[in-house]
Structure formats: C-alpha cells, structure tokens
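Accompanying notes for the structure given below.
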Amino acid sequence: MEVTVKKIINDPATVVADALRGMAAAHADLLDVQYDPAVVVRADAPVQRKVAIISGGGSGHEPLHGGFVGRGMLDAACPGPVFTSPTPDQVQAAVTRTDGGAGALLIVKNYTGDVLNFETAAELAAAEGVDVRTVVIDDDVAVKDSLYTAGRRGVGGTVLLEKVVGAAAERGVDLDGCEALARKVIGQVRSMGLALSPCTVPHAGEPSFVLADDEMELGIGIHGEPGRRRVRVGPADELVAALLDPVLEDLPFAAGDRVLLFTNGMGGTPQIELYLAHGIAERLLAERGITVERRLVGSYITSLEMQGMSLTVLKVDDELIELWDAPVHTAALRWGV
Amino acid sequence: MEVTVKKIINDPATVVADALRGMAAAHADLLDVQYDPAVVVRADAPVQRKVAIISGGGSGHEPLHGGFVGRGMLDAACPGPVFTSPTPDQVQAAVTRTDGGAGALLIVKNYTGDVLNFETAAELAAAEGVDVRTVVIDDDVAVKDSLYTAGRRGVGGTVLLEKVVGAAAERGVDLDGCEALARKVIGQVRSMGLALSPCTVPHAGEPSFVLADDEMELGIGIHGEPGRRRVRVGPADELVAALLDPVLEDLPFAAGDRVLLFTNGMGGTPQIELYLAHGIAERLLAERGITVERRLVGSYITSLEMQGMSLTVLKVDDELIELWDAPVHTAALRWGV
Amino acid sequence: MGCTAADVARALRAVAGVVAEHREELVRLDREIGDGDHGENLNRGFAALLSKLDGDLPSTPGAVLKLAATTLISTVGGAAGPLYGTAFLRAATSVGDAAELDGTLVATALQAALEGVVARGKAVVGDKTMVDALTPAVAAAESVASTGADVAGVLTAAAEAAEQGAESTVPLVARKGRASYLGERSAGHLDPGARSTSLLLRSFAGGAR
Amino acid sequence: MGCTAADVARALRAVAGVVAEHREELVRLDREIGDGDHGENLNRGFAALLSKLDGDLPSTPGAVLKLAATTLISTVGGAAGPLYGTAFLRAATSVGDAAELDGTLVATALQAALEGVVARGKAVVGDKTMVDALTPAVAAAESVASTGADVAGVLTAAAEAAEQGAESTVPLVARKGRASYLGERSAGHLDPGARSTSLLLRSFAGGAR
C-alpha cells in the first residue's frame, strides 16, 4: 500500500496494531497486549479482589490510555482505531481479562461514540454477571453543556481521574467507593485546549483543518476537530489566560482553593513551550490566590502530532493529594516504585 | 515585541528564561534554577564527596539536559539559548554550585561551540582548584569522523551516558572511575536520526530547511541542520532500517551482543509512531541475533517541534545494565524511587 | 416475489461496495464537521461483513441482518458503529424468522431500525444526524408499503426520501455527535451519517428486485 | 595621531550597530549551512557589550578590548563566542597597556587575534570558516602597516581583504564547525562567520580616523 502521509507508519490500516507491537516489546514487564480484539492489560491481571479500572477510546492520544496501564492506575485499556472509539467486544474482553471478583469501573470520555460503545459493552458484561459501573468524564469547558450539544467532552481531566481512581482501587477501595471517588473528581476538574496546528489522521491523508500562519483554534477537542473559535495567535501570556480564565470561571475556582495544575501538550508541542506556558499558569493562579499543590507537565493526552496545549485544573483536598502521590508504575507515569 | 512564529512564547529573546521559570515551578522539590548565568541544579547540591556530573548545551532539546537533573543522573545542566551552546560562565557556575569535593565530570556533546565553551570553562574551573574532567560524546554515525568534518556529533547516546554515569557517581564511584565509565559508554554507543519535518528556531522565524511532501532528511543532527541526504519517505520498515543498518554496521554490533535500544522522538513525533518504529527495530535486532536487554522509548533529546526520530544502540554488559536499572529521580526519567 | 436470505446477503455485498467507493467522500464530510473517520469506520465494518458473508450463510433474512448487526458492532466503533449496529439488530428482530421479506416487512424493518437509532442516540429530526435521513425514509417506505408496493418500490421510496433528508442537514446546526461541538460552524455542511444512510438505502433499492 | 580607549569604544559601538543591522542576514546564512543562530548570537553579545560600554570606560585600548573579550565569551555562546572572545582577548594582550594604537599596533593586534582563533578552533585557510576572512586581512594589514599606514589605512586594507576572503568561502566544502556535517552540500554558500568577520573589520575601518 502506498504511504499517503508523512508519518512513520507502514499502512494506515495496521497502524494501531503495529504500534501495540512496539509497546508490547518496550514494556513486556508491565503490559500484556492482545490484538483481536485489541486490549492492553496489566501484566499481573486479574488482581484478585481489586476493582478493575478500565478505560479506552480512539488511538492517537498516546500515552492515553495504554501508557497508563499498570500498578496504581488502569487494569486495562481498549485502543480503538485512530480517533475512533473501541468496539464493545474490546471492552468486554478487557472486563473478562481483569475481573478479580470486585467488579469493574469503566472510565469513558464523553463522546457519542465512546459512550454508545461502552454502554453496549457494559450491558454485555453485566449479562455475564460482572458488576460493571460506568463513569463519563466531561471536563472540557469549551463546549457548552446544553440540550444543543452532545455535552462536554472528556479531555485532560481523564488522566488525573485515571490516576486517582487507580490509586484508590490499588488500595482496596471497593466498587462503590471507586465510583463515588470518580464522580467527585469529575465534579471538580475542568479543562480547555488550543491548537496552533492541525493533525492528520493516517487514513485521511489530509490535515483535519487548515490554519493561517497567524491563526489558532481555541477550544479544541482531542480528535483534530476544529475548536469553537478561530483567533489570532498572541503571546503566550494571552494564550494561557485564554485557556485558564474559562476553566477557572467555570467551576468556579476561587481564592483559597488548592489545585492540581496539569499543563498538557497536544503531541507536537516542544517541552520548552509547555514549561513556558506552565510557568505563566502558575503565576496567574498565584495571582488569584489559588494554591497549586501538585502539577503535571507533559504530553499525556494528545492528538497525534498536533501542536497546541491544554490546561486542566483539579480541585484537590488531602484525600486526592494522597491518591495522586500514591505509587504508580505505568509506561507513562511512574513514581514511588 | 511582535510574535513572529507560531509558538507558545512571549518573546524569542526570553524564551529560555521563561521556560526555566515554568520548570522551576513544576519541579521545586527536585531542582534549583538560577537565571544569570542560567544553571539548573539538583535541589540537594552540592552532594558531599560525590563526583558532580554536569552537562549542558543549547536549549530546544528538552528534556535534555535540565530534565535529567536529579538523583542518579545530573547534578547540573547549563541551558544555552535555543540551539546555541552555553557560555563558560554558566558551566563554571554549575561546577561551583555542585562541587562536593570529589571533582566534576563535564559531559559535552561534540559540537564546535559546545567543545570550545566547555573547554574554556574547564580551564577556569581548574584554575580554581576543582578537579574537572571532560568527556566528549560523538555517537552520530551519520557524520563521517575524519579530518574533513568537525567530527561526529553527540546525539541520542548522551541520554544513556548521563544516566549510566550519573548512577555510578551516585554510588560513590570516583572521578577516575566515572571518566573511565563515560569513555567506555562513548566507545560502544551509536545513533542515527531522520527528520520528516524541520523545526523553527524562535528568533529565526523560519524553518531550518524545507522538505517536499514526500521527502525526508536522513542523518540529521539535533539542531535543525539538514541531514546528509534527502530521500523519499518510505514505509516505516524502510525508515527504521535506514537508521538501524548504519548504526549496527558502524561499531559493529554482532549476533550475540546484548544492547539497550533507545527509540527517540525529535519533539513533534506522536508516540504512536515511536512505538511503531520501536517494534520494527526490535524485530530487526532479533533477526540479527542481537538481544535487546533494556529499552527506552520517548522524546528525550529533541529538536523543538521537529517530526522525526533517532535510534540509539548501546552495547551493554551486566555492569551497564545494573547502572541503567539503578534508581533515578529526575523530571524526565524516574524509576526505583 | 419477496426477498430471501441470499437476496439480503447480495444486497449487503453491494452496500459494502458502495461504502468502499464512497469511503473518501464520507471521510471528507466527517473531516469538515467531525473527526474524519466516518468513511473509514463504515468501510472497515462492511469489509469485515463481506468476509463474514463468504462463510456459511444463515438461512433467513433476519439472521443475515443479525450477522450484519453483530459484525458492524464489533468492527465499526465510533458513533456510527453502535447506531448502525442497533439499526440492523432491531431490523433483524422485527422480521423474525420470515423466510422472505415483502414490501411491508421491509417498511417494518426500517421503522424498527429508526427506533433503535433513536433509542441509542436520542437524536430528533433537525439535530443534523442520520436520523434526518432515516426518518423521512421510514415515512415514505410506510406510505408506499401501505399501497402494496413491493420491496423494490418500498426501498426506492425510502432512498429518495433519505436523499432529500440528508440534503436537509446542510443548513442545520448540529445538536448531537461530534459536529455539535462546532456550534454555528457546523452549518453549511452535509452530515456524514445522513449521507451514508442515504447511500445505504440507495444501494439497497438498486439491489432489490 | 593614534586610537585611544574612547576611540576603540566608539568603534565597538559602531560594530554593535552593524551587527544588529545584519543580524537577520547572518541568521539566514547560518540557517543555510548551520543552525541559524550566528546573527542572534553575535547580536546578543554586542548588545551586552553596548551596555557595558555605557559604564565606566577602562583607560587603555587594551583594557577596552579585554572588556569586549570577556563580554563576548560570557554572552555569545556557540562556536563564535569563544572564537571571537579569544580573538579580542589575544588582541588586547598584544597591545599591552599602550595609551594609543597606531597602524603597526593594530596590525599586531589582528595577527594576535588570528593566532587566537586558530589556537582555539584549529581551522586552516580553506576550511570555510572565519579564518578564511581573517587570514588575508592580517596579511594585508601587515603589508600596509610595514609601509607606515595609519590605523584607518591598516583597517581599510584588512577589511577589503576580509571581504574577498569571505567571498572565497562560497564554493568551499566546509571542514570545520557545523557546516562540515553537510559535506558537499555546504558548497555554494557564504560562511556566516567569515561574513561577520568582514562586517566587523569594515565597521572598524569606517570608524577609524
């Protein structure tokens, strides 16, 4: 097959499976990868009497979700084709592979496709007697949550949710507890993103949108969808404020709040720019009297090679901080072990 | 000042200092950042009776080097302006800040500017009575090492060198031992890279080279320099072989060798492509009877937002494996702690 | 003379061909207001269905439709996977184990398919989704079926109405699915799912005899 | 009448202006066969020197040249920083604490500068570096100085020779510095360091009286 886009791939049709093979080789100690249907499972699954934390979604957002499979985070991830939600049988296989008798929590980003496919899977798994709960994360303030949209999208908050709930499950918190914790996190995390350049889905062969040299998309999702507004690129101070202000106003976050600040790159953003943006966000939060207790800076939920960034702010308390600090050992996040 | 390029920056002139501020905020527990002259120092420096491991170079290669400062790796990093080597007074400041009485090892990537500036710094530090040694890493097989070039460049091998020597210093190996170990690593590590797209230095405002839709640069360095050859982009199998073959033939690596394989992204490469390429490289090595004992996959030595990748192969033995596995706690690499 | 299991299989093969032909068009439409994968998703599903249809064929039209349903559900992904999957599943259930489908049964099946899509996706007419194509298609199918039209007649009426329904999505602002994130910017584009629904029905109509 | 500390400082200010004006040109040249920072590097250094020159001025030409040297070393970075820094340092040393420079001393200083660049960078004529501009400049300076030329005369001769020397780098294949990585592809481009050397000398010549 002719390569139609400038990417390090062999064939758009096999890109996800080919990448999974590399991931399996790179992290054989950590992960077990199955291909049909595609599921990334932690090597020691099923962990008996532990709630299985499962997520998934389209590929192209790496390290999300496969990079978060491992001790203290996800038990399994279901990678769909690029930007396309996985199918119910992938999710069902993930449940079967990770069920340790304590039930499973499905973490679903709020996109019609993801919701519908996970919904179908949950029905199938329930029919097999596994206690399956589903939480839908919808932290993207760029989308009006109203009757007139599919609701807010799940974006950067997903990473924090998976870490925190994964830590709780690892400690033996039961399914009710994990579900309640997940709903708590979802209730107090907000995000927004921007793109300086589009991305190209391998099989599409063309960028998802075209931007002039001085334009950016504000309020993008993570699938190369255009954002809500196209605006002129300004200095970083302006860009960061354009993301942070709506995030803070939404919950709202107020002086005295303690937060985790997550500065995320969209895949093609150099780290020097991410740190630069992070520094500005820290300053803006300090100016508002909001205390940054923890931070994460890096490209953790991406849109292929898109240049851009998102900011996620999670309101934390001692419980969430402790869960955030708890040991985690995955391909993309690791500490305390 | 007008922003002339589409980047998340305020002013090309302050981009390094601005990014350092974000880095300092993100990793206050780990790092101490000073700005004039710019040096990133591990928070607990100087560590008494430990050899100080110091590196540095132009910025724009993040996480190299600042992201590798911390326990078990670098004591200090000297970030120059984007793609421009740091000045001697930065290096001298780094030596002064980290000198624990056991001397300092300077890890220098082989570029004329880096070599000359570190050389000047070493003279100055020696004059102040610190035992300073310098090792120059030149692992890039794309450049012919001859009278007719400035010699091979230091590229991906630098990351592995810093990790291994940093682990040795942390264990109390003395300056002679660290220097000898560094020379051993340099002797058995080889790399090569390619670019699918160029990068743009902030103050330059224009890409460092222009590639047609079906072209790539083979044998690039890490500064947006064009490579040695411009060739047609092919499928990933071909690209990976085009990097791996010259690397393997150079040392040469042979059947029975044990290696660490480092699949590196140039900054704008999506992780899905890196893992895909990594999987191919693992297969090709297995076909040659070479055993991959350890691996590192990610964007660790980059050229701003450049799309592309490099492969680095380090011949390992039990000693190097143990040092690789030793605990490390830096912004970019962390395990065992 | 009605439509047998073999006829349904033949029709589905034809649909697979049409989807492959229009893959790029559907990708392009989805890139404009979605994420550029609709053509790829459907094509992956119908290609998988093609190989399934090469195996032993179930003996009733309903069973063939069910095979299509489960194949689409487990291979398409995205929003379209569960939606089309549910549509085929409900259609399959609605025709029971009838050995042949006549015009009335086809209209019933289309109605069941629509109900399935709405049950899953909760879209109404005007939301700029496949429902905008399927709803008028069902109405037209029922209306001609009640006058005794045969399978070809029912499907042709449905296809024509679906085409108009799809066209009607162009000026709409999306309220469901990915396109809804664009708000007003979604207006002026044909909905990819509505377009694929009309393509499917046109292909069925062409294949019916 | 010779060149005082104040004259040297004035000349360096003029050079800073010239470097700023040619910043983009030098960046462009360096982008073609290097990494696109030469103009930026030099400009950062000479801008820093400008503010240093606004402070208390040292009293001898040599001391002013030394101030330039240390400032360039600690602000330029890259290959050019240590090379130009060493050049100014050696020039400073060579003129000792003379209160004024005449043509002969200037020629001596240029010779010392060249030796410093070669000691550090180990380039020879033909390697496509600043040495290709500086070497003929020194030869020309010495030749006219030996005939009794004044400072302006020596610098003008040096500048002219440097310009030709710089031009001579165009067809060369680089053997030193970043450009050498390009191999044959480095031919056909003016070396940025040779260009900046000729700009510096031309500016000195223009400022001399």
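By written order: A, B, C and D. Residues from 1 in each chain.
The rule is short, and it goes like this: a contact is a pair of C-beta atoms (placed from the backbone, for glycine too) under 8 Å apart; a residue touches a chain by one contact, two chains touch by 3 or more.
Composition by chain, UniProt nomenclature: A, B = phosphoenolpyruvate--glycerone phosphotransferase; C, D = Dihydroxyacetone kinase.
This is a predicted model, so every value here is computed, not measured.
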> Can you tell me the least number of steps between subunit A and subunit D (Dihydroxyacetone kinase), where a step is a move to a chain it touches?
Replying inline: 2
> Taking each chain's centre as its mean C-alpha position, how far apart are subunit B and subunit D (Dihydroxyacetone kinase) in Å?
Replying inline: 32
>> Rounded to a whole Å, what is the gap between the Cα centroids of subunit A and subunit B?
In response: 29
> Hey, how far is the Cα centre of subunit C (Dihydroxyacetone kinase) from the one of subunit D (Dihydroxyacetone kinase), in Å?
Replying inline: 75
> So which stretches of subunit A touch two or more other chains?
Replying inline: 82
> Using the touch rule from the top of the page, what pairs of chains touch, sorted by label?
Replying inline: A-B, A-C, B-D
> Given the complex with subunit C (Dihydroxyacetone kinase), which residues does subunit A contribute to the contact?
Replying inline: 37, 58, 80-89, 111-113, 116-117, 119-120, 142-144, 147-150, 153, 201, 203-204, 206, 208-209, 221, 223-226, 228
>> Help me check something: in the complex, which residues belonging to subunit C (Dihydroxyacetone kinase) touch subunit A?
In response: 27, 31, 34-37, 40-41, 44, 73-83, 85, 120-121, 173, 175-178, 180-183, 185
>> Taking the touch rule as given, give the residues of subunit A at its contact with subunit B in the complex, in rising order.
In response: 3, 6-11, 15-16, 18-26, 59-60, 62-63, 67, 82, 196-197, 213-214, 216, 233-237, 239-240, 263, 267-280, 282, 292, 295, 297, 299, 302, 304-305, 307, 309, 334-337
